[in-house]
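Look at the two complexes coming up: chain A is in both, with chain B in one and chain C in the other.
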Partner chain A sequence: MSQIYILCVEDEPEVLDVVVRDLSELEEVFPIEMAVNAEEAWDIIKEIKQRGDKIGLAVCDHVMPGQKGVELMIEMQKDPFTQRTRKLLLTGQAGLDATIEAVNKAKLNRYISKPWDPVELLRIARDELTTFVIEQEKDMLPYMAVLDIERIQEAIRTKGTISDY
Partner chain B sequence: MTSNPIDDKRIEYARNIVQANNKNAYDKSLVINRIKELLPTSSLLGKLKKTFTEGEIVIKEHQQNDKLYIILDGYISQVKSGAGMNTPIDMLGPGDFVGLLSFQTGEPAFTTTKATKTVETLCLDHQNFELFLTRYPEISKIIQGLIFSNLSERYRRVVTLHVEVALLSKQLEQERNQLQKAIAELEKTRNMLISQEKMATLGELTAGLAHEINNPASALLRSVEYLIQSLPNMAERASALPDTGLVRFFFEAGFKREIDASGTIRARQKVLSETYPWISRGNIRLLSEMNEAVFAKIKPFMDNKKNQELMILLIEAYQSGVFLGGIKLSTSRIEYLVKSLKSYSRQSGAEPEVADIREGLKETLMILGNRLNDIVVTEELPEIPLVRCYVGELNQVWTNIIINACDAMDDKGELIVTCGKSDDDYVWISIADNGPGVPDMIKNRIFDPSFTTKTAGGEFGLGIGLAITKGIVEKHSGTIKVKDRPKGGAEFFIKLPIWKPAK
Partner chain C sequence: MSTKKDRLPEWTKTAVGLVLGGIGFILPLIVQFDGLTFAGHLALGIFLMAAVFWMLEPIPIYSTSMLVILLQVILLSTQGPLFKDSSLPQTQPIEISEHVWQLPATALDGTTIHLRKRATVSEALEVEVLERGEMVIVRSENINAASSIVADYRHKLVGYEPVSYTRFFGTLASPIIILFLGGFMLAAGAVKYNLDKNITNVLLKPFGTKPMFIVLGLMLVTATLSAFMSNTATTAMMMTVAIPIAMQVSKEDKFRIMLALCIPIAANIGGMATPIGTPPNAIVIAALNAQGLGIAFGSWMAIMVPLVILLLLAAWGTMRVLFPPTVETFKLKLESAFDRSGKAIMLYILFGMTVLLWVTEAQHGIPSGMVAFLPIAGLTVTSVLSKEDVRSLPWEVLWLVAGGIALGISMENTGLAIWLVSTISWDMFPQLVLLLVFGFVALMLSNFLSNTVTATLLIPLAISMGTSGIAGEGFSLVITSLVIGAGCNMAMLLPISTPPNAIAMSTGFIKTPDMVKVGFVIGIVGILSVLAFAALYWPLMID
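On to the complex of A and B.
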């Protein structure tokens, strides 16, 4: 079975620490990878691809030295490997223009502004991963432990019905 | 000696008043017509006839005059010199006398009279005058009346002029009051605009700062929440450890953590997760962050598959330390930001201070950090003499120029901030960008309050930033210029006088 990863990209270590900490509940099922800039994020993405694993969710800051969060997400949207990855912008610093670009060109799924509510962040991450698993995985059972069980069950029922034809 | 059209109009106006006031005067045309009738037949009159060409002077001011002229055709202008200018007094026409006063009294002429076009006159000296009156007794009476009428006309004119002057003074006074009111109103509006622009700059800065503070504030908030949970837990379970000093050790290790290269950490993570499949991913992640010395201390607790409690406790201690380190870092970043802001925006006191202007420049760059994310900033700021200035106001100068540069470059490019001493009296500061530069056409206008390239809406400011900037620089007896950089882009060059201690 291939692993589904969560990728966190944030240039400030003390912020990255708390983001990862807030998502750590999901970590047993969805391993977390951390990058302090877009370049490192790409190294990690390539590595995960080589192993035959997937990236289910990318949580990115916007303002970083080098490639910006929104640019990184646009690149990810162009790459077939990361096109399906759910994309969450976690930032206090993306202007309206950058955000519009992210929605239009990167198919941004969520926007959370800093400072964030940890319960909300976790809920949203779980929701997005649930969507990813429903869309991408035939066998959803291994992920159920940390996901939205109701939605997974509903999906299993629907998919089951479809496959009955 | 040409009079301007407005003066001519006033003369015309005055003449109208005089004529309107002068209905009882003798009919000038009567005498003129009679003289004209007599002219073809009278050899005396023929001799007396004198023609002046356009611009020719009839009588010059201050000179003796022994002739009396009666105008038959055309107009003669009357001008009085004095107070460094020539004031038009009157326009004399057919039937008017020229030189009447000087002719009668023998005093020097009071005004200069000059033909405006070709003028026909009857020119009489004292002898001719007597002869004329004797020869034509029927005109003589009319002439006397005419002289009287002429003098009374002049008197009326003087009265009218006095009234006119009084009216003008009153009007002037009113206009002056209105002007003063308008100036006060303008001053008020100007101050309002300036403070509005200041607020706009402040708005931009606050927006930037809010963003700048968001990151450390998030880290701070989340770290504290974590510690609220973890600390009581740790305290409770620490007694279970063989050596309670271990908690402290791991706490400090986390606090002083230095992060290794991410590649190294990931390699360790891989090895650890393969060697210790029973340890959770989150814990493996934290374990792989630890350096060798720290790791050596926790390793014994990792091998115990059945009792992971103590290992988890030490990892928690480590992470608490990490979070506390994060709190310390975030707090000092916020403190630094607030301190910079405070010093940046310090209100100008009544008295200027003697300051190193480089500090204000650096603070401004700090405060504007948010705008400068994608801009390569080069600071070459060697020591320069002190300047007596209002620090807060100069900071506004730097801010306006830097924000303009950012706007011009679309927030991407390079910004070069340099300073130096230009001579014994001045220091200079240069702020240059590699944006599109300032087109020659508008170089002279960019400091005008009414000039802006910013379109309405979507901008913070009113577009009077550079006008204010110039005002502040000039208030400091300095100069500001915009130049082209040889490699493209604009350079704002400011010179400020060096502070000289009183001897």
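On to the complex of A and C.
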């Protein structure tokens, strides 16, 4: 079973801590990696790739020193390793153009504006990870407990991935 | 954090499995076992390898089945290199005086000689040995000067008549496999058009809003559906019904455990109710069919349904004590929206007709395997199921069962199965003790192994005890096989015991000890009631 990571990219350490805290319920099954800029994010992505693990969800801020969040996500979309990663933009300052670009070029899955509702962030992250697991994982069982159980069960029912032995 | 170190065990487990399986295969080729034919040694190698592979799973269990068939075709078929062009060496007896004959010493095995009937067929004959030496002198009234005697009793064809490779391949098209295929296609149709969900919503309505009645309803509906669909698919579907109910309960309330646990338990138990309920039933039925002991679809249900109801009630009662609900009533959203498209209606008709013809098999006499072709052809002719739907059927389960049936053929006809069980004088034991042993072993093994694999390993032993007569007076092949089948299906102690258990456990609502407690009670009640049924009820059903 490969490990599925959540990647959080945010330049302000205090905000990053809050994001991680809000997602902590998922951490038991989906370990969270943190990066304060795009460069660090790429180092982490490479490391995870080398280990043979996956990134299920990327939560990115937009305005950061160096590469911007949307640019990072476009790059991730081009890289086959992170193409399937569910992408969530968490920002207060992305302009219309940047947002359009994120939707069209980075296939952005979700947009949450700051300040955010912690319950809503957790719900959305859980939903996206559920989609990732249903689409990408043959064995969904190890991840089920923290995800949307109904959707996973429905996927087991319709995809027939588990048979009676 | 997962590192390389964490992954090592998985790799080692595979390697250990492969090596042990390899040793199991080679062992009978280098060690000579007394009383076992040459072909029996080959079959033992295949059996040991398959048993190790099925237990440790270094390769998927269905590929082990495929490997079994491959090895049988190569090693044990008429067309394989070992038996191709092979024929029994023959010699003529020389008459010394009336009924006294001289034979080469190699023809005599203890006090047995083998009459050569055809090039590959011989028949054992007991003789009185008068003199031993390079040539032996024997007395027998059953041979004459024209008799053809097998010159070497150790020849590979003595005690084994090779069968055509088509016999091994043919297991995949045996009636029981076709019956399952029919069931799979109906189930696929039911899922595709949400028939299973809609039936559930209709059936659950009468059970009201009281917690214990809701649970009873969930269990009865689950068991009913899993009698015709896979236990796993039924569990997944019913979970989508149970989880919204569980969400209404506080996290501390033990009732959550009951809601998540009642479904896999009912699905496991419900699988027993019909021949197509779960794969171990196929192994039982195929083995009995091979002995000319067919069980009609309806008769199977008459035999098993009372047991199913008893076990469901036992599980319900146990959970009621262990996880008492504190909530008074529940709101259930049960809206059924039956698909009214032409294809869906075609499915309902075919489903209804097939099930009706199955349960009335004893009345009209059309074998259930034959009826099964009605949905197989019907659902594709009417495009109810598409090419993609046909492709996504659980074909590997059919291979798993076919491999099991094929292994059974060789265990029987090479004499391996008899050899394995003949070391113990079974006739010393009362029949009930014998049944207890078989049921208990089946239950224990299948708590850890695949239920189908357990049935595959045990059924040939029971069959050979029956056919050889070593089990003593009053041994019933049918009842013993049913006990084994039931034992395999009652194993639900651990998350690994069955796929439904694994699915329920993965929701995080249940802890392993909860499952063990209920599984233990079901195991004990199950074994005792199976014995009671075997002694009192089943004999009335099967003569």
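We take it that the second predicted complex is superposed on the first by the 160 of 165 C-alpha atoms of A that agree within 3 Å, B and C clash if a C-alpha of one lies under 4 Å from a C-alpha of the other, contacts with A are read in each partner's own complex, and residues count from 1 in each chain.
We adopt the following convention: a contact is a pair of C-beta atoms (placed from the backbone, for glycine too) under 8 Å apart; a residue touches a chain by one contact, two chains touch by 3 or more.
Nothing here was measured: the structure is a model prediction, and the numbers come from that model.
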Superposition on chain A - do chain B and chain C clash or fit: fit
Partner chain(s) touched by A:W116 [first = chain B, second = chain C, both, neither]: first
First (chain B), second (chain C), both or neither touched by A:D17: first
Touched partner set for A:D53, first chain B, second chain C, both or neither: second
First, second, both or neither for A:E27, with chain B first and chain C second: first
More chain A residues in contact [chain B versus chain C]: B
Contacts of A:Q3 with chain B and chain C, given as first, second, both or neither: second
Chain B versus chain C as contact partner of A:E39, first or second or both or neither: neither
Vertex chain A, arms to chain B and chain C (CA centres, degrees, nearest 10): 160
Chain B versus chain C as contact partner of A:A145, first or second or both or neither: second
Smallest separation of CA atoms, chain C relative to chain B, angstrom: 6
Interface residues of chain A shared between complexes with chain B and chain C: 31
Residue ranges of chain A touching chain B (in the complex, touch as defined): 12-15, 17-18, 20-22, 24, 27-28, 31-36, 40, 43-44, 47, 63, 65, 92-93, 113-116, 118
Of all residues in chain B, those that touch chain A in their complex: 210-211, 214-219, 221-223, 225-226, 259, 262-263, 266, 280-282, 285, 319, 322-323, 325-326, 329-330, 370, 373
Chain C to chain A touching residues, read off their complex: 1-3, 61, 188, 191, 230-233, 236-237, 239-240, 243-244, 271, 278-279, 392-394, 396-397, 400, 450-453, 498-499, 502-503, 506-508
Chain A residues touching chain C - in the complex, by the definition given at the top: 2-3, 31, 51, 53, 141-142, 144-146, 149-150, 153-154, 156-160, 162-165
